[in-house]
Amino acid sequence: MCLDHEAGSDAAGDVAKALMKNSSRTSVADRRAAEPKDSEPRRAVREAPDVLLVDDDTELAGMIAFGLESAGYSVKTYDSGPEALIALLALPTRGLPRLLLLSVDLPGMDGHTLHERLQTARPARFIVAFLSDRDSNTDQVRALMAGAVDYLAKPVSIPVLIVKVDTWLSRD
Amino acid sequence: MINTVALVVVGSFQAVFIVATLVLLIAAHRHGRREGAADEAAVDALRGPVRALMLGEDHGESLAATLAQLDHVVATRRLLSIAVSQLAPEQLRDLAARVRPAAWVERTLAGGASRRWWKRMEAARLLAVVNSPADLPLLARLLTDPHPAVASAATGAIAGHADAALIEAIIRGLSEQPTAVRLQQMRALRTHADVATRILVAQLDAGGRADQVRALVQLAETLGTPGALAATVPFASHGDAEVRATVARALRLCFMPAGVEAARRLLADTDWRVRAAAARALGGLSAVDAIPDLRAAMRDEWWWVRFRAALALGALGEDGASALAAATSSDDEFARDMAVVVRDLPESARLELST
Amino acid sequence: MISIHGAHEVALAVIHAVEPPIVIFMLALNSFYALMLILSIPQLLRHWRIADDANLRLLRAANVIPPLSILVPAYNEESTIVASVLSYLSLEYPQHEVVVVNDGSTDATLQRLIETYDLVKVPAAYPTVIPTKPVHAFYRSTVHAKLVCVDKVNGHKGDALNAALNAARYPYVLAVDADTFIERDALLRLARPFLLGQQVAAVGATIRISNGSIVEHGRVVGAHVDSRWLPGIQTIEYLRAFLFGRLGWNRLGGGLIVSGAFGLFKQEHLHAIGGYNAGTVTEDLDLVVRLHKYLRAAGSADIVTFVPDPVAWTEAPVTLKVLGAQRERWHRGLIATLVKHKNMMFNPRYGVIGLVAFPFYALGEMLAPVVEGLGYIVLLVSLALGAIDYRFAVAFLGVSMGYAFLLSLWAVALEEISFRRYSTKRDLLKLLWFSVIESFGYRQLTLWFRLCAFPRYLRGDMRWGVMTREGPRAPAHRATRTAT
């Protein structure tokens, strides 16, 4: 595991780093279980969540968030494009990249645009994966070309998503 | 004594039948050859146009034109074969819009009113590729066709129509369909998850016979939408054990506090199948709070409940693992044996067995 | 003391007495076959209409057919096991597993599997529903998640299958012989009854003779008819038996045979009847009869059905010795099964099975060699005594051979109309030629082999007496399987 390029990381980064070191030796499940035990870092994690979810389907977002939280991640959800962009740009620019789960059809600004603006303003700050109703090649190609790690067509299987999140966040 | 003349008469009939069968055999052989050759010629002629469409050189104009020159049976067969291969959804939509007005399409679709089920099936299969809003009444009829192969083939066309009345009719008919068709239709409804969820929730609220409720709960599991899954939770206390087992199964996708709570309750159900499914759901939901319940379930009298409970503990991180380790020295020999079996299973096997 | 003249008179009287029943029996039997043939045609068309490739691919993609476990009993198969297992693993199906049972092989069968598929010992995570000979170890492959292997003490083939039945995870199981070649899409075709909306307890399928065909990597890539007479004639025999024999019975709802070399079953039913019976010669026939019995008793609506598609290929014996042993064994198994379940005969409780299928198998199939043999004797004796005109003898032989030829011809024609596996003119001509020569020699030989089964059955019956039993029940509820 190579994390040395992170010169001065914040508290959340440290926690995540520790957790990820842990995960390299033991299974993801162990890491998940280990996390809630220590209440102090958990609160720190909450201040800068592991996963940012942008989807206007608040019910679905709620269920995904519950699933990821049970699996030991902290999650923050946004339900509109512009709101999400402002919040994301306001996040600290240092520390570990965070996972952004993005829907394509969003009020105010579509997911592609949001993704591309973020990539310009904060290159490589976010690991981006799309969750979308749209199944066309055009959408998938655009998302992947702009740097998304995956494009999941809805309906999304939450157990599968959790495992994918595990691998995305322990990669690098 | 049977006389020779009678035998000769029987023999003559035989000779006639033998000659007739030989003629049939030769005719069938020739016909088969001709059909094979026509098919091959069609495949050759279509190769270029299919390539053009796949590579985005055109939007299916040349393919539609080539298909139009073929016999309607051959054209139908070829289009179906092209459609199931690697065309992207939007390419398929382009192509469908282009071929829909062709005479051969009309001819095959007209078979949808035929008395012969295989003609209706051909129409249903074609409809799955070319369907337009005007075909809605035909589709509605074919989806409820008494022949399962027709209803199954028509399923492919559901994706093209976000029509609430059609979706409601499908959902109402689910419990009457044979299993394979029901599963197919449920999966097809995932493309209209929003509309289907709304209708499903209304139907669940209205209740119904046990088999109807089961079909609806299965649909909720297939759709996987929060609304649909939440609506199944009240049925965890349904009087029919099969319904409860179906709910317990669906709960493994129900990532919300009420879902976890219901699964914990079902772990104490009177029916072992329900308990087994509930144990599995708790593992899938990463329900760490349910560890004490799962430890108790390790003493269940049924092998499958103990197995599912042990696997679930194995999926619940460190706390689960230590609960499983504790069970290896349990005073209940069945719990002990099961804990050892699951503890010693490789990770890959656990995964394989718990999904 | 009876004079020679007197003996002659008696012989004539006997001949006159037995001849009409023999002739009527032969005509009735052949007519029944013809009826079966007619019944099979609509069935064949029904399946053929949706036998299309595009449909199968959709079926696979839709993932709506139940997962199934392939059960492979293996005893001393070191030379073939690796290739057969690979061909089972690569079958097209949404979800299936392969359960190999090493039935106490004395050769390197297990070692070959362990080396090739990186098998590792893991705990046996399944309940023992059917008691079997002790299991040494349970293995999983680390390179193919779909492969598991049970290593056990040698028992009967049925015992190995039972061990596999215990270990199988999925709701349907497919029993195969390790020497059967299976087509890539065989499982999808076998699943067609699900698509036809049928509730299935068992599905049989057509098995063909692989001799003469081109086989690559455990798969038949080009179907041809063998030029040698023995396998060639068996090709015709199999065509006939499967195309309309079983299909015709299927129409009547009385299918008694689901071949042990390739048959799909609902696992929960096999668990309920205690699996295969280790004491029988032909465990497949016995199993299906018990299954029918059970389905009736349990009031289940599940059916035993048949898919006419040619999906599995088996190697036919090429020597008379092996063929003789095979046919004798089959017939002995038939006799044993019919005797064992004789209470089903003419029993209206068992519907078509009791009223039609059982009497047919007993009077038709089982006794056919006896009656036919008697027919030959009577014919020869009458000719020698001058009791009948040689023209009558010729006409009678001609008619019975004509029947046989007509049935074979029909089978060939149906094959050419539907599946068309033997597509070259050369193969068709071979089939016709073998249909003709079957009546001269081959038919009489198999008649003899089947006759040999009777004395062996009578001798062997004592030995089985103690072992013949319904499969033992699982020790109650602590070990029962969920239907997931």
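To keep things simple, chains are lettered A, B and C as they appear, and every chain counts its residues starting from 1.
Basically, a residue touches a chain if its C-beta (ideal position, glycine included) is under 8 Å from a C-beta of that chain, and two chains touch if they have at least 3 such contacts.
None of the values given here were measured: they were computed from a predicted structure.
No other two chains have as many C-beta pairs in contact as B-C. Among the chains present, the centre nearest to the common Cα mean is that of B. Taking each chain's centre as the mean of its C-alpha atoms, chain A lies 32 Å from chain B. The geometric centre of chain A is 58 Å away from that of chain C, both derived from CA atoms.
Residue numbers of chain C whose C-beta contacts span two or more other chains: none are found. Residues of chain A touching chain B in their complex: 27, 29-34, 36, 59-60, 62-64, 66-67, 70-72, 135-138, 154-159, 162.
By the touch rule above, chain B contacts chain A in their complex via residues 88-91, 190, 193, 223-227, 229, 252-257, 260, 284-288, 315-321, 347.
Interface of chain B with chain C (complex): residues 1-4, 7-8, 10-11, 14-15, 17-18, 21-22, 24-25, 28-29, 32, 77, 80-81, 84, 117-118, 121, 125, 148-149, 152-153, 155-156, 177-181, 183-184, 187, 249, 272-273, 276-277, 301-304, 307, 334, 340-342, 344-346, 348-349, 352-353.
Contacts from chain C toward chain B in the complex involve residues 16, 19-20, 23, 27, 49-50, 52-55, 57-58, 61-65, 120, 122-125, 127, 140, 142, 145, 169, 194-199, 388-389, 391-392, 395-396, 398-399, 402-403, 405-406, 409-410, 412-413, 416-417, 420, 423, 425, 428, 477-484.
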